[in-house]
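Letters are used for the chains, namely A, B, C and D, taken in the order the chains are written, and counting of residues starts over at 1 for each.
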Amino acid sequence: MSVLAAETRPKDASTSRVLDVQGLDVRLGRFHLLHDVTFSIDRGERVGLIGESGSGKSLTSLALLGLLPDDAHVSGSIRLAGVGHDLVGARERDLAAIRGRDVAMVFQEPMTALNPTMRVGDQVAEVITIHAGRGGRDKRAARARAVELLDQVGLPDPGDAARAYPHQLSGGQRQRVVVAIALANDPSLLVCDEPTTALDVTVQARVLDLIVRGVSARDAALLFITHDLSVVATVCERVLVMYGGRVVEAGPVTEVFRRPRHRYTQGLLAASDLDSAAAGGRLPTIRGTVPSAGTFPDGCVFRSRCDHATEVCATEPAWAGPDPGNGFACHHPAGAERAS
Amino acid sequence: MLLQILRRTATLVASLVVSSMLVFAFMALLPGDPARVALGVNASEASVAQMRQEFGLDRPLLSQYVSWMAGFIRFDLGTSYVSQVEIAPQIIDRLQVTMWLVVCAMVLALVIAVPLGTVMALRHRKPSGLVLSALSQVGVAVPAFLAGILLITVFAVKLQWLPANGWTPPNEDPVQFLRQLILPVLALGLVQGAVLTRYVRSSILDVQREDYIRTARAKGLGAGRALRRHGFRNAAIPVVTVLALQLATLLIGAVVVERVFVIPGLGSLLLDQVANRDLIFVQDIVMLLVLAVLLVNFVVDLLYLVIDPRLKVAT
Amino acid sequence: MTTPAISVRDLRRRYRRPRTSVREPGPVVEALKGVSFEVARGERFGIVGESGCGKSTLMRLLAGLDQPTSGEVQVEGRTVSGLPEKQLGFLRSSLQLVFQDPMGSLDPRMRVRDIVAEPLVAQRLPNRRARVAELLEAVGLGPEAGDRFPHQFSGGQRQRISIARALAPSPSILLADEPVSALDVSVRAQVLNLITDLVGDLGLTLVFVSHDLSVVRHVCERVAVMCDGEVVETGATQQIFADPQHPYTQRLLRAAPSMRRAIAGAGAADLVGDPS
Amino acid sequence: MSADLTPRPAGPLDGPTPATAEATLPPDEMPPTASPSGARRRPGASFFVGLGLVGLVVLMALVSFVWTPHDPTFVDASARLRPIGDPDYPLGTDKLGRDVLSQILVGARTTLFVGLVAVGVAGLVGVPLGIVAAMAPRRAGEPLMRGIDLLLAFPALLLAIMFSAVYGGSTLVAMVAIGIASVPSFVRLVRSGSLQVLSTEYVLAARAAGRGPWAIGVHHVLPNVSGLVIVQASVSFAIAVLAEAALSFLGFGTPPPTPSWGRMLQESQELLFAAPRLAIVPGIAIALAVLGFNLLGDGLRDHYDPRMEDRR
């Protein structure tokens, strides 16, 4: 446990907010893919972002790293602690300096995320030397640090592993290497996009554990993106539910998963709660299929599949809740009957 | 690694044996007796028979093949039965000329293709990239001999900057050698460069779509640096394949350009011997060209082992 | 005693990898190391395991798409293993497959009607047109779906097409290989319902392969847990989930994140058994 | 059916270049129909430019059957070396007074004929061979592919020279040489495409449905590689046009007096100083034909969007 010791953190500690996203809006051609996405993450907080295909969850993660396609129209603001400027509209040169240092990312596919023709240790060392500044580009020191990091993420024989090529490692081991790269510069925000979807259950368990320990040792903020509700429940403290490019519900994990308010969240939870349904019996379902990205209805994005939809759902539901991190956007929320 | 080298060497040897048999069989089995072809239709039966005996054409095919191969390995190719001169020294002489052409053209093609293809890939949706792409398509459509004729028309006929044709060995007159080399090398190299550019472009476009480039950018590398440090080596793998095929094309393609620029290279020699109807001589040159192509492929296969670490263990 | 739907006895399958060294021959991979089990008629049988445990190899052997190195597969009392394709006609009509990948399991160049009719054509069964319409309706697609191509459907709908194709020759056994793993959560429930409904209505024997424990728990009555080419534990679903005996099963169950445990306060560290 | 995520900027003359959005976005975040397998894209500009150029060459060849301004082989000593724009001879005449335009029209016929037969034969031989090489057991498929690789060491030009050494140059020699030399690219492409098809679950499903190897080859493999084959045919045609021109240029192709573009170039060489137009006109004809087939191939590749490439 103790091997994941945090490095000294040079970043200012006056405020605890690490990430602040305000009204993020992304259009690509004639498709409106993200609508007014607003959320924030504090230091040491683990936030889950739940969504199915087309929900815009991966697009959100790419926006945080400034890796959206050149022709995407982005508006709104993304502020990161320790960075003096808005990430939206920032120059590529400035964004590059932030990536891998202040914000790092773990991707879904460990099999293709690493360069097949470069030794693993060099790929870890690279992220250190890139951000080391002029004085600190000592390659040998970086390489030694890389071996240290590989040891921290639990690769057996880290010295040998550093000299290996990616194809010589298993999927789980490769994902550990990707995690090592992401954590190398002690980022203030770690973004994980479906980091364990391609992994086996037992391997997933270890990688999840590794991510949680690595983040808490550094007191970093974590944005964990997945379609798997139980993974979010296990890893995160807070959750954002996305559907059709919008955040439809947000709140503490226990709150949202125990008492969902948005009809989509409610349906999703019911459909995936296999434990409660009688074995071999029927599961509650959400009718229809998930529309393709950019083709969701206007007004309430879920109304085309919602059993509670009425005419009023053709207008966009307002956010109901004390703050963007706590509430929902639904005209006919679940649990309202009881409340009234 | 050793296994991979051995395996590829075995493939090379097998390919050489099979292709030499093919070349031999082609010349020996096809209707048309080499002696009859060489001497012409009007030659007497007696003189044809004498020639057959002299050159061993009356022996069994297998023994003919074995002695031809044995000679080929020692590079003792005997004498031409049309012109009665030693074949091997002539081939070496002409081969040097062709090598100058091919090597210079290949270097030129690479010098053009790698930077241009990269720029085209990086700007593939901007006007500059589109213009370059269009130019390369036109370049691909122009055969080398046409490029040669056009170059002569412009630089030799209209501007009179360079000689239209001819060849001077470099040790006789280096300046004249260079002046005469420029146009044929341009003709070969520009066209091959255009073809290669398109492959460089598409393989860099492919690589840019890879996840590890995204990882590299997430590390904090700019788009250009990510491509330089992680893309090029991977993009090189398909390009090297094309390079090997192109070298083969270039060796043979030089024939036509040699004809345009009246250069005494291997291609001209081959065409001359076809005109002379000297089948044995033709057979030797063809085998030599095939050998060269197979050797190039062999070297490229070994190159893969260096570029792509995955191949060292996998098949 | 009635003959079981599927009976597998000491099934082994070895592959030889290509050699990588000059001196030694290629290493031998044992995908299956002596697997035995029986599936009763009408039973919903689950096979759980992680990648590389041999469950895909097992599926192919059950379906007669590959030959075992040794051992025997019997389907409805008739031996499948070791038979040439020509003598497998009975298997093709009695056992059908549903695959994982909704994109890759339907030929993109074929109309849905031809895809669903393929087993009928291959087995020279009559009344194809009527049967296809009937099948499309049974899986909840309209008859107009037959004129379209697979890429015009969503993932869940494509799995429905796959199921319709599998049911075409009226099989008695359905092998489902991770049929919902690639689907969105909100669609997964629909397809699971469809499978359980059809299996119940038609009285099919279901062999359901999955890495997802909760899905298997919901669908199946009996489970075999596979690890490293062997079946390490077999038993009634309830019993195995409540009281796993084999250490691997215990580890697997602990590693699977569960909503209930998470809300009760379990974190990522609790998924990993022994901290290593 | 097309993904208009980004207006396809690929103006004319652009190869297969998917929009960058596809490059960085995960597939499930893509707007609808962003090329799922089987979905085809709307053909781009390169397709239409290519089709136009190819159509022009075909039209020239067809017109030449019914009408040419003059007899292309008619030697007219009184009309030698007329310039371009001559009222009787729009593209001028050569050193023997033959009409250049008529020769170009009939030359299109020669070019297309040689290309069609060569590519047709190569496709008819190469496609089944490629499918067989993919479906046959390894110990049969491997030697077959080694043999095909060996053929790569014999380019069209070398084969034509070998044939001509024995038989002399002729249209048949050109067609056979180009045809044989085009076989390997078909076999290799079709084999790698077939291997991909054979590894899919729908082939597994077809086997489980009771389909035999023949039915799988005909009903699944062939339709799914047909796009690749069409693209390759177009590209091979471009190569065949180039090879035919080179062969006639060297005198190994269609013998005189039948007009051919390559030989027109060869004949122009001695008059480069006096009449460079005699080289430029057939040169442009060759280049446009090759450009047309290459662009058509690129456009078709966009259309079928096969990401199946032979990568050894």
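Quick note on the criterion: a residue touches a chain if its C-beta (ideal position, glycine included) is under 8 Å from a C-beta of that chain, and two chains touch if they have at least 3 such contacts.
Predicted model, so just to flag it, every value in this text is computed and none were measured.
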Geometric centre: closest chain by C-alpha means: D
Which of C-D and A-C has more C-beta pairs touching across its chains: A-C
Centroid distance [mean C-alpha coordinates] between chain D and chain C, Å: 46
Separation of mean Cα positions, chain C and chain B [Å, integer]: 53
Length of the line joining the C-alpha centres of chain A and chain C, rounded to whole Å: 32
Euclidean distance of C-alpha centroids - chain A vs chain D, Å: 49
Set of chain D residues in contact with two or more other chains: 19-20, 23-24, 33
For chain B, residues contacting two or more additional chains: 214, 313-314
Of all residues in chain C, the ones touching two or more other chains: none
Touch list for chain A against partner chain C, complex: 1, 52-53, 154, 200-206, 208-209, 211-213, 227-231, 233-235, 253-254, 257-258, 267-269, 271-275, 277, 279-287, 289-290, 305
Residues of chain C defined as touching chain D within the complex: 60, 63, 65, 85, 88-89, 92-93, 95-97, 99-101, 103-110, 115, 118-119, 122-123, 149-151, 162, 165, 168-169
List of chain D residues in touch with chain B within their complex: 9-20, 22-24, 146-147, 149-150, 152-155, 157-158, 161-162, 164-167, 238, 242, 245-246, 249-250, 265, 268-269, 272-273, 276, 279-280, 283, 286-288, 290-291, 294-295, 309, 311-312
Residue ranges of chain A in contact with chain B within the complex: 65, 67, 92-93, 96-101, 104-105, 107, 109, 112-118, 126-127, 130-131, 165, 167-168, 178, 181-182
Residues of chain D defined as touching chain C within the complex: 33, 36-39, 200-202, 204-212, 215, 219-220, 223-224, 226
